[in-house]
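Below are two complexes that have subunit A in common, paired first with subunit B and then with subunit C.
Right, the complex of A and B next:
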């Protein structure tokens, strides 16, 4: 491999890499604003100016190709002088409104000003004023004063979102960003520009002014919005999810996620219509009881049904662990064969970027953990037609809402003798249920999803339920978690009385004298690994933060 | 002084195609087409022709950068954006001798293997765009340009020429912005490398030459490179279209050999300063070049090497003369305003720095500046210089830096001595900085 020297250290690089890429691969960060690993090089911010030996002028590391024997200095006096100069230029017209800026705390301008700035201002003139609070689109707010004209948002829209909607207008220090005439900045990926904006010029209209970033905890998890399974960070304050941001995974979503997934996959967790404790319907009166009591009532009600009279619905919204537990429970306690799950496929809503037609995160996971009809068992359509005929009398639904699928399904549900629903929120199906057990949302539990191409990825709890403790359950902690007192509003946020579906099923199995007895999601997964060779050799550590490709799906991956 | 005219001959109506033909027009092209492109490049290289657009780079050498074997189309851009304040020479070529420019374009296209050439003319030159278009139409009609060339010259080679109008941006005279402008994009300079010869118009090999440079080419081919190399000074031969403006009795464009004394140009050619006033400042090459003080002019010759030695540069040879009554501060503020207005805003130092310098200079005009601001201006200029994508940053920085350095005494009269502010008015740094503040070390 060819080698170059940065700050006296010899490093390897790949032919065709730029200096900044070679440095990054070797853990050396060269400051940059406009450069982004998956966007074209624009070279406009000039913060990455570095000194090359035998070159009279400084060069920008983002566009200079690494060459054998090149000697680069990123900390020489000349380099620092130029970097300080650029920082000073960027700051003279910047409003310095960090105290009211959403970006503060994760702002590159703030960070580099601290690391590389003069530390004081020599600028005695009036600052330029530009347009503020410009709604570029339905989800994006623009502040012209804060913008450093790095063009990342423009390049993102052109190159990644394939939607030419943004442009620079004007010249010199009057340059600002606008949508093209008659255009709105409304492509399905606009919120990514908020993430890549190195300053607070672009803010999310959903999140702005909601929280200081350092007051939130961040948890590495997976977006459940479609079968892509974009890797995300979940940001929580006061036990409330405030935003999702994409997390780098070059195998799945690169650095991006769609706006729909970002805005619509967490609000139901915070919502007021959560199932909070078990609900029992007796003589058309709904009573709220403890989870324990709900499990007892369920056990009493369900045990009289024979395999031919009962059906189980797993869910592609639930984890592999939940589905595996359900399949195992159905077989062990009822020898049931009528087991399937509902598919949510919308061929009209997909693209070549991230969005997949399958609107669930775990279709392959449900399939490969045993959520499919057993010997001469009924599939999903047959289950509902048999319910209508009166042959299926009891239905056990986990984390799904069949009543919302069609009136046909809804009417069928009304014919049941017994409808048991494990649900996160109140919905059309819980309204019809005899017993509703409170299922923890994906943001409140450990587990795994398998995405559309067979990649097994982990979700992690970011929000605590009544039976959890942030510090004890290994959850990520915010500043207030670590240093706040119990008198803070922080500690008094509401906790839902809910349990992961696998746990509810495990409790139910115990009540019915079954053998299923899991304490943690990891227990379930280990059991899954033992009983299904598709998962053999895996554990939570091996899956890691970025997931692992399942061998059995490599063919799937090649065809998609 | 010998009376050699290469680009602007003293022939009446030479701008008309019949007159141009009857005076030997397009014979150089025919001669060129009978030789190999390599031979043409070689002759231009040996002639010593250097670019007239400002950088004075060897034209033949530039052409030789074009890849010989490539499947891609190649392009020639003839740069007539002519936006530098003090520069108005290319206009004369469009008006007085357009066919020589067209002939030069044909020969250059042949030499570099281009099938298409664009003559880029600044939009404000409305009249000259029309004149140039008429000349081009005439040349097409007579079969000197386009596919008919094959018959006219009896050769396999042909090329097309298009006139492209600028839309009012100084930056589009910068070669890579010019290409973006032709492509219909925002006039932003491109990051180099890659250079135009590898990756130019639409990603294809491209050469960009100034109008005056190209207009020299037919005569080099016609009279031979030795003839050209012996005109003017050896290292920068030929004639230059000197554009003299400001406080002189006879401003205008004069074609004279390189290496003429600056004083001869001002006093003999341009008739001296009105009222016989003293000269305070001369900018020898267009407003971005470092100015010379009135007492620095003696013995300075007008060619690239001599002017470099004298602490300035030939630029476009747009000589601006300012007499003793000139307010240097206002001149500097006006020049700075130009670069502030024309900065494209793409890269940080130029975008932010030009505005900063202008604001400080305006404050100085209002009488609210201190001598510390003069030092600060030099530091800001130094921080722009060399740190930008294109040369506009340098163009904005040099006038400020060199005017303050060379006219410090006079500028000191506009500023108050620095006063010590009360301590509570000072901004305190919260931490040690990586590089100590203070005078820029450059």
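Right, the complex of A and C next:
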């Protein structure tokens, strides 16, 4: 491998890499605004200037190809001076409105001004004023004053989102960013520009002014919006999810996620219509009881049904752990074979970037953990036609909403003698249910999803339910979580009385004298590993933060 | 056991005590004719100087309302985590305002950091020292109690101009 020297350290690089890429691969940070690893090189911010020996002038590290024997200095006197000068230039017209800027706390300009700036301004004249608070699109707000014209958003739209909607106008000292005439900045990926904007020029209209970044905790988890399984960070303050941002995983989503997933996959967790404690219908009167009582009632009601009279619905929205527990429970306590789950596939809503037609995060997971009809068992369509015929009298639904699929399904559900639903929110199915048990949402439990190409990825709890404790459960904690007491309104956000589905099923199995007895999601996963070859050799630590490709699905990966 | 002499053992005059008692009485007598500093609180109220750090309040402008832009710096700097701010958007030029601004007076330690960090001179220490509450909930002061017209705080604002 060819070698070059940076700050006296000899490092390897791949032919064709630029200096900044070679440095990044070896853990040496060269400051940059306009350069982004997956966008084209623009070279306009000039903050990555470095000194090359035998070159008369400084060069920008982002567009200089690394070459054998090159000697680079990123901390020399000359480089530091140039960096200071660039910072001073960028700050000339940048407003001092960090206190009201959403980017403050995660702003590159702030960070570099602190690291590489002079610390004081020599500029006495009036700052340039540009348009503020321009709605570029339905989800994006633009502040011209703050923009440092790095063109990351423009290049992102062109190259990644494949939607040429933004451009520089009035080039010169009045340069600003606009959409093309008659266009709106409304492609399905616009909110990524908020993440890559090094300053607070682009802000999310959904998250605008909701919270300061230093008040939130961040948790590494997975977006459940479709079978892509984008890696995300979940930002929580006072037990309420406030935003999602994508997390780097070059194997799955690179650095991006779609706007739909970002805005629509967390609000139901905060929603007021959560199932909070178990609900029981007796003589058409619905009463709220504790989870334990709900479990006992469920056990009483369900035990009289034979394998042929009962059906179980797993869910591609639930984790592998939940589905595995359900399949095991159905088999162990009822020897049931009527077990399946509902597919949500929308061929019209997909693209070649991230969005997949399968709108659930865990279809492969549900399949491979045993949510499929057993010997001569019924599949999903047959289950509903048998319900209509009256042959199946009891249905156990986990984290799904079959009543919303069609009126046909809804009418079928009305014919049941017993409908038990494990649900996160109130919905059409819970309205018909005899017993509703509160299931924890994906943001409140540990677990795993398998994405469309067979990649097993971990989700982690970011929101606490009543029987969880942030510090004891090893969850991410913000400053407010660490120091708040139950008397502080900013630390005592509502906690739902819910349990992960695997836990509810485990409790139910205990009541029915079964053998399933799990204490943690990891227990369930370990049991799954023991009983299923596809998962052999895995544990939560091996899956790690970026997931692991399951060997048995490599063929799946090659065909998609 | 040998008696140890101390450096400042009393001399004969001091051992008599009488001159010392006379000296003490003289001091007492002198103070009887000095101006009194004791106040008949609560009938008489103490009027603190501008440098006094009473409870923190929000400055209210006559036309535009609160100066606060809900940046949350006071909340961040507060060593006792007494301040909670929730920002929201307004149509006015300053873009944001505090939808909710609460100071938990049980937590507050009157350090004045909030005032010092405020970029808008919107939160200042007032002269109010009478803070009474009988339960935890009453000790949380919302915007209704925190907003004080700017005229009443002129003293403090002038003081900050001169000495901050």
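Quick notes
Everything that follows uses one rule, which is that the second predicted complex is superposed on the first by the 555 of 560 C-alpha atoms of A that agree within 3 Å, B and C clash if a C-alpha of one lies under 4 Å from a C-alpha of the other, contacts with A are read in each partner's own complex, and residues count from 1 in each chain.
As a convention for this text, a residue touches a chain if its C-beta (ideal position, glycine included) is under 8 Å from a C-beta of that chain, and two chains touch if they have at least 3 such contacts.
No experiment lies behind these values; they were computed from the predicted model shown.
In the superposition on chain A, A:88 contacts subunit B only, with no contact to subunit C. Contact with subunit B, but none with subunit C, is seen for A:41 once the two complexes are overlaid on the shared chain. With both structures placed on the common chain, the touch criterion links A:63 to subunit B but leaves subunit C unconnected. In the superposition on chain A, A:30 contacts neither subunit B nor subunit C. Counting the residues of subunit A touched by each of subunit B and subunit C gives the higher count for B. With both structures placed on the common chain, the touch criterion links A:172 to subunit B but leaves subunit C unconnected. Put simply, subunit A uses no single residue to touch subunit B in one complex and subunit C in the other.
Against subunit A, in their complex, subunit C makes its touches with residues 69-73, 75-76, 81, 84, 87-89, 94-96, 102, 104, 119-120, 136, 140. Residues 169, 171, 186, 191, 193, 340-349, 351-356, 359-360, 363, 373, 376, 383, 386-389, 427-435, 437, 440-441 of subunit B touch subunit A in their complex. Contact residues of subunit A toward subunit C in the complex are 99-100, 132-133, 208-210, 212, 214-215, 480, 483-484, 487-490. Those residues of subunit A that touch subunit B in the complex are listed here as 41-47, 49, 57-58, 60, 63, 77, 80-82, 84-86, 88-90, 92-93, 114-126, 128, 148-149, 167-168, 170-175.
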